[in-house]
Amino acid sequence: MNSLAVPAIGGAELHVIEFGDIVNYFSPYTAMLFAFAVLFTVIAIVSRPERQVDIAFGGDAYYTKDIQPEQLKFQRFMAIACGLATLGAVVSGDVFNFTLFTSMVGITNIGIVAAYKNRHVLNAAFQYGIVAMIATVPLFGGAAIILATTGTLSMWELFGSAIAVPLIAKAFLVLGVMGEGMAPFYVAKAEITRAPGAPYVLIIHVSSLLLFLRVVEIVLSM
Amino acid sequence: MGTGVTGAICIAAGASAALDMLPLWGAGLLIVVAFPFFVVLLGLWWNASEGEGDIPFIGY
Amino acid sequence: MKPEGQGSIISRISRALSNYDYLAGVYALLVIIITIIGIVSLPFLAYEDVQVYPKHIDRSSPLDPYDRGGTPFNTTAVHAQYPDNSPYLGYVTAYLTPLSQFMADGSHHLGTTIVSHPGGIIDEILYNTRGLDTVVETSILFVAFTIAAYLFRRKD
Amino acid sequence: MNAEFILGLAVLAIGVLAVAFPRDRSYLTRLINLEIPAFGLLLIMLSFDEMLALLTFIAVTGISTFVLVRILERRGPV
Amino acid sequence: MDAVYIAGLGIAFLSVIVAFYAILREQDDLHRILLTDLAEILALVLIALVATDLAEALILPGLVVGISELMAISEVFLVKESLSRPRYSPLSIEVMDSAPAIMSLALVLYGIVLSGFSGGALAGVGAIFYFMCRGHDERFAVIETASGYAWALWIFAFFIFMVLPEYWLFGVMTAGGAILLKVTGKMSLVGTMRGGHNE
Amino acid sequence: MIDIFAAIFGAIALIGAAGAAIERDPFAKLIAVGVIAGGVVPFIADRGYLDVAIAVALVVPVTTIFILLVCRREEA
Amino acid sequence: MIDFLLFAVFTGLLLHGIHRKAIARIQGRPGPPIWQEILHSLKFSFKETWIPATASEVLFVAVVLVALGIWSAALFILLLEGSILMLFGIYMLHKIVEHGLGLSSGSPYGKFGAIRSVISAASEIPLFATIGAIYFVTGSLQLSDIIAYQAANGPLLLLMPPVAAAMYIVILSKMHYSPFAIIEAKEIVSGNRTEHFGVWRAALDVAFSLKTFVLLYAFVLIFIGGIPFAAVLVLMLLLLLSLSFVCALCPMLSPYDTVTMQSLATALVAVYLVAVVVIA
């Protein structure tokens, strides 16, 4: 049976889940990322959102922002979907499947922030969504170039030393994940962070960081 | 109660790793899970009486 | 806050980066730079001839553009990545529903698609060996639709 | 390299230029110009016999045009 | 094959540069949405160039991702700009009264014959067209429920492949039927969303 | 396809594309898009994909009608 | 193992104390005694403790536990000479802790801290340039392999100083009072830790002392290599003192300027890498 190339930088594989040609696997590294994603998804499910305190100007008065139950339900649903997509992405052993999960993370992220009515936040969400959409070009493009130049999408094959993946494909893949998860371009994310609903806002950051960590492993291994 | 249990787990994991009864990574994993609870529960065990939750600090 | 175009080069870059209206522009610039590198490296790229799921079209078959060989209700030869993982590989590709059988008998030019037709390898890939892709894909559609419907129906 | 492929690349290139730099920069012009690269992609898919993808692409183009039209009629011209 | 791929990739890269340069220069939000649609097409070109059966299977998810994001982002745009209803009364041109029924019927029937995702999308176009021209009562909840069940059925069919491969025929038929229903349902909901608010 | 026909239909598609790109009037643009479709459909049919040709023939007019909805706005 | 963990906690707290003392002396103040931070942590753990009324309770507590967990895990990775990729994964997950601390309480100051921590996420970028460079040169990311490589070829600090400098900036951005420490600047009270008091604060002090210990220890192991443990401790102390000098002498940068500085650092490392590749 085929398996992970031996000097894998994420460590030896621990467990394999087969879905036909798409083979998901756990290595110590991805298991760590997986555990982290599970942890924060559970937190998003069980915890109530915080109530942000705002100071009323000109006095000692303050008020708290509460989230409406309907919005809460929607955001929780999106947070769970985002958590599941992250789980799928970190253990995926197939490049295209990884990119699909990545774009699912992108779209759930838009969903979480789009629920706010604050115009400022919505504006940031929109710009963020535009970047997430154009990021599909480098994302899918990277996967497609990998497939065309190597003939395979399975990470087990690609991580082996026999196959050389072109640099441009790797760069595209990283760029795509950066766009979907916003990894270093945190400008829009900083605006998003202002919105209430800490557990849900937090899962946006969790997912993008984990995706970035995973893509770094993939790109270094290939 | 919880303090004792988690503390015991930490010490037992450390000791069994030292005696080769448990692989090092296994002991590490146990400690990673138990140690945070131990620290927090230890503090909660010996801290002063609990008060009601108050609103956050909103400025001087 | 200093007006635009003043201050040290670092604080000017910082100001440009801190405005999220420029976000798409900054990202587009990055993509352009990487793509130019891609064009430069174009001569070093080569198409790999050994592909998984290559395309072979049997022009003499009555199912012409869609036939990829194999016997209906039996296996076909498919170059999958891990054939061991799909013991029934090919069963999905090679079937004909009654409707598509009828159409194939009657005409040379009424082809196929996923289900009602003999399909060829695509449904094999979509439903069997790469089924997880399809699950993710429809989940994405589901999520997107939830977002659109929620925003649309929300009472302001 | 067959005729469909070359034609597809040509139409795609014309279309991309037309969408990126339309002659008058109105929403409607861009929206209609978007049809041109779509036909280019259609021809490229055709040259590789990617029929199922082609069929779905045509349908999805119809739907995405509708989604864009929906915005346009609320946003107004220009 | 090599020459074809390199030539195609070259043109695709050049197109990417042109399209992204336009995005770089563009300040208006709605123009940006239109340009992202162009970007989706270029992503599909890159996949299509692989030219295997697998590439064909990969284009379908790529398409779905594109239309999904477009749908979500357009709704965000409308909310952001507070554009909740059309600015002018619906158009009345002659074909809008005569064409819908027959064309929608043709599209939906053809979609059912094809079944599967392509069939769903095709039937969806027909349904959108019909709802758009004829107006609609609010059937949001009903269609949504139906397509929800179809989704569940579809996932169930998928697991037949995973767990009980010997019943593949049953699985294929269920999957094809359910996805047809689901996609048609979802897409026709887009059609009903054209009107004002759901009251 | 016979080469001469391929050349003719190819030219039709190209003329349509160029026309749609250059033309300013939305209605003229839509007609040019229709011309592209006229050039492309023979290629589809030639390869034996009659089912696809049917779908294209059905969807392209629908798309055009969608766009017409906004065109009228410009006129008014 | 648990003994080493406790040793690391107290050493880390001691290092924090030394850091404060050194800064104070450089700035001409007497400063607190060096065991001040240990006493601090103990004091906090005896204090009255509750969860703010507006907080998201589960998240509020869970983040503290996560902070402790990830840094103990990081320590064990160093101890077992595991993969530095995992170590740096943990470093990035620390970002989530920072966001969570600030956001979970509902306090406006915490929120500002969290927003700034989101902005300063660019501090991760030099790190990945570093990892890429190390992988490129040594061919492995296992700490044991890197140490073996250094035993054969001399310390990486001398082989590729720009990479070490990038890592130094990364550590600097996580120190208290550093020019990059925008998330707990004084104008936003204590930043994201404003509402974590009492036992929570004590636990966070423990976690952050582990963090300081791990980062300094990792720097010594990665760039200098396998030397006796006592020498490692001495080098860590020297490294800390150099960091204290920087922290004492540099003013705090404005939030977005830190991002630009860190991005520039990454670009320099990338240019250096390309140059190395071209020459090699």
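Order of writing sets the chain letters: A, B, C, D, E, F and G. Residues in each chain are counted from 1.
Convention: a residue touches a chain if its C-beta (ideal position, glycine included) is under 8 Å from a C-beta of that chain, and two chains touch if they have at least 3 such contacts.
Because the structure is a prediction, the values reported are computed rather than measured.
Enquirer: Identify the chains in contact with subunit A as well as subunit E, in label order.
Expert: C
Enquirer: List every chain that touches both subunit D and subunit G.
Expert: In this structure, the chains that contact subunit G and also subunit D are C.
Enquirer: Return the chain whose centre of C-alpha atoms lies at maximal distance from the corresponding centre of subunit B.
Expert: F
Enquirer: Is the number of contacting C-beta pairs greater for A-G or for C-E?
Expert: Higher contact count goes to C-E.
Enquirer: Chain with the smallest distance from its CA centroid to the overall CA centroid?
Expert: Central chain: A.
Enquirer: Taking each chain's centre as the mean of its CA atoms, how far is subunit D from subunit F in angstrom?
Expert: 11
Enquirer: Report the inter-centroid distance (CA atoms only) between subunit A and subunit C in whole Å.
Expert: 19
Enquirer: Distance-wise, how many Å sit between the C-alpha centres of subunit F and subunit G, to the nearest whole number?
Expert: Subunit F and subunit G have C-alpha centres separated by 61 Å.
Enquirer: Between subunit A and subunit D, what is the separation of their C-alpha centroids in Å?
Expert: Result: the chain centres lie 30 Å from each other.
Enquirer: At least two other chains touched by the same residue of subunit C: list those residues.
Expert: Expected reply: 17-18, 21, 24, 28, 31, 38, 45-47, 49, 51-52, 55, 65, 86, 111, 113-114, 122, 128, 130-131, 133, 136-137, 140, 143-144, 147, 151, 156.
Enquirer: Hunt down the residues of subunit B that sit against at least two other chains at once, touch-wise.
Expert: In subunit B, residues 55-56, 58 touch at least two other chains, as defined above.
Enquirer: Indicate the residues of subunit G shared as contacts by at least two other chains.
Expert: Residue numbers touching two or more other chains: 54-55, 66, 73, 105-108, 259.
Enquirer: In the complex formed with subunit B, which residues of subunit G make contact?
Expert: Against subunit B, subunit G makes touches at 1-3, 5, 44-55, 61, 64-69, 72-73, 76, 79-80, 105-110, 189, 194-195, 198-200, 202-203, 206.
Enquirer: Can you list the subunit E residues touching subunit C in their complex?
Expert: Going by the criterion above, the answer is residues 1-2, 4-6, 9-10, 13-14, 16-17, 20-21, 23-27, 32, 50-54, 56-58, 60-61, 64-65, 67-69, 71-72, 74-76, 78-79, 84, 113-119, 140, 144, 151, 154-155, 158, 161-162, 165-166, 168-169, 171-173, 175-177, 179, 182-183, 186, 189-190, 193, 197-198.
Enquirer: In the complex of these two chains, what residues of subunit C are touching subunit A?
Expert: That would be residues 17-21, 23-24, 26-28, 30-31, 34, 37-38, 41, 44-52, 80-82, 84-86, 128-133, 136-137, 139-140, 143-144, 146-147, 150-151, 154, 156 of subunit C.
Enquirer: Given the complex with subunit A, which residues does subunit E contribute to the contact?
Expert: Touch list, subunit E to subunit A: 5, 9, 12, 16, 20, 23, 29, 32-33, 35-36, 39-40, 42-44, 46-47, 49-50, 52, 54-55, 58, 61-62, 65-66, 68-70, 72-73, 75-77, 79-80, 162.
Enquirer: Report the residues of subunit F in contact with subunit E in the complex, numbered from low to high.
Expert: 51, 54-55, 58-59, 61-62, 65-66, 68-69, 72-73, 76
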